[in-house]
Amino acid sequence: MIRVQEEDFDVGAELAALTEGRHEIGGLAVFIGLVRATVGNDGAPADVEAMTLEHYPGMTEKKLREIEQEALSRWPLSASLIVHRYGRLVPGDRIVMTACASAHRHAAFEACSFLMDWLKTKAPFWKVEEQDGEARWVEARASDSAAERRWLPSDDS
Amino acid sequence: MIRVQEEDFDVGAELAALTEGRHEIGGLAVFIGLVRATVGNDGAPADVEAMTLEHYPGMTEKKLREIEQEALSRWPLSASLIVHRYGRLVPGDRIVMTACASAHRHAAFEACSFLMDWLKTKAPFWKVEEQDGEARWVEARASDSAAERRWLPSDDS
Amino acid sequence: MKLLYFAWVKTRIGLAEEEVTPPAEVATVGQLMTWLAGRGPGYAEAFAEPERLRAAVNQDFAKPDATIDAGDEVAFFPPVTGG
Amino acid sequence: MKLLYFAWVKTRIGLAEEEVTPPAEVATVGQLMTWLAGRGPGYAEAFAEPERLRAAVNQDFAKPDATIDAGDEVAFFPPVTGG
């Protein structure tokens, strides 16, 4: 299941709904992305006051569905979830959660990590950070492209 | 932080407490282990009515602290948590949760996976399953020993 | 043809979306970028470094050599930063 | 010496813990297992296949050749299944 929304989500409630009555599920790997107070991606100790996520309505949902389908085709998952927010967020706010349920924990971990790697490079979101009244677009990271390529077949990289 | 307890835990509340006011945290990897309704570790489609976890009070806390310290020494984590239950549980119940917070998602994922792998082979818990009025001790899995060895230095395996 | 702009492409051009009818010889995403760059100073600035831009045609990522049709929805934006 | 038994070791012996004073020549975990196996049918059954058992001395995992002292806490159990 995928959702794109401006409002916050309740992690406990999302996970309870995902696993409700599904007694074949032995493990649930989850990732939650939070707004950091440090500028950009280099972790410099400067204060970010807020971050606004812009996205491409329609394409976002399409890409999230494709990413989820790819995970479901690669790992034996009982359930999966991607919730991604947009709009203005402040440090500590939740941005995204991914969850993968499986009978086997390594499958759940790998699939959840895969979802995050692909979201970084394939989901049409853009982030603008506010600091000292200045707005700055966050640039894509080379390390995220490298992380995406971890999941390609070796003859394709 | 580690906790061993008979009562259930609230995943959302645990995560909120772990990250409260910690604005350097960019990502939180979490694993939640649930009681499966399938017997043993082979996933046979027979019904387990309940599972009771026995543990070694004192040694359990000591081992969980050692496992957490090992993760903190290997990855740049801002926070970590292990909560492990004991006592009688039914299918769908939460058994364990591990959480690792880091500025970087791959560190959080790896550390969280590591915690689970080491818990499986280094935390003194034993599981007995009830099925059709019979109680059966769950045997340790060779695959868990293999998973533990993933994290050893190569000259040590 | 419906065009959408995101992030700093949108702020440079000063528009989130518009309808355009490029000439018939504009047949690919790359040719569309060149044509758009000539529409004014904001466009020129937005498309000054094409290698810094990404595109989508009908909500799928598309390379500069991807072909475009009159009824397509084409979007331009910087590399995405999801998650 | 305080002994603790867990899982099916406990159910076979019929005790969760006990205090014992083994003879002086019982100096290792392995020797303690052999000595315990002679204490009765439940013990004999519990220690019949030593390779299926694990031990801890003072709450750390210990191999059969680990030495033991009178004041130690020694535990016997099957391989653990945490998580």
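By written order: A, B, C and D. Residues from 1 in each chain.
Criterion: a contact is a pair of C-beta atoms (placed from the backbone, for glycine too) under 8 Å apart; a residue touches a chain by one contact, two chains touch by 3 or more.
Remember, it's a predicted structure, so these values are computed and weren't measured experimentally.
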| item | value |
| --- | --- |
| Identity of the chain that, by mean CA position, is farthest from subunit B | C |
| Length of the line joining the C-alpha centres of subunit B and subunit D, rounded to whole Å | 26 |
| Chain centre separation in whole Å, for subunit B relative to subunit A (CA means) | 23 |
| Chain centre separation (subunit A, subunit D; CA means) in Å | 49 |
| Subunit A residues counted as touching two or more neighbouring chains | 33, 105, 116 |
| Subunit D residues counted as touching two or more neighbouring chains | 83 |
| Chain pairs that touch, as defined at the top of this document | A-B, A-C, B-D |
| Parts of subunit C lying in touch with subunit A, wherever the complex brings them together | 4, 6-8, 56, 59-61, 75, 77-83 |
| In the complex with subunit A, residue positions of subunit B that touch it | 10-13, 15, 19, 21-38, 43, 91-92, 103, 105-106, 108-109, 112-113, 116, 147 |
| For the subunit A and subunit C complex, residues of the former touching the latter | 33, 54, 56, 58-59, 62-63, 84, 95-96, 116, 119-128, 137-141, 144 |
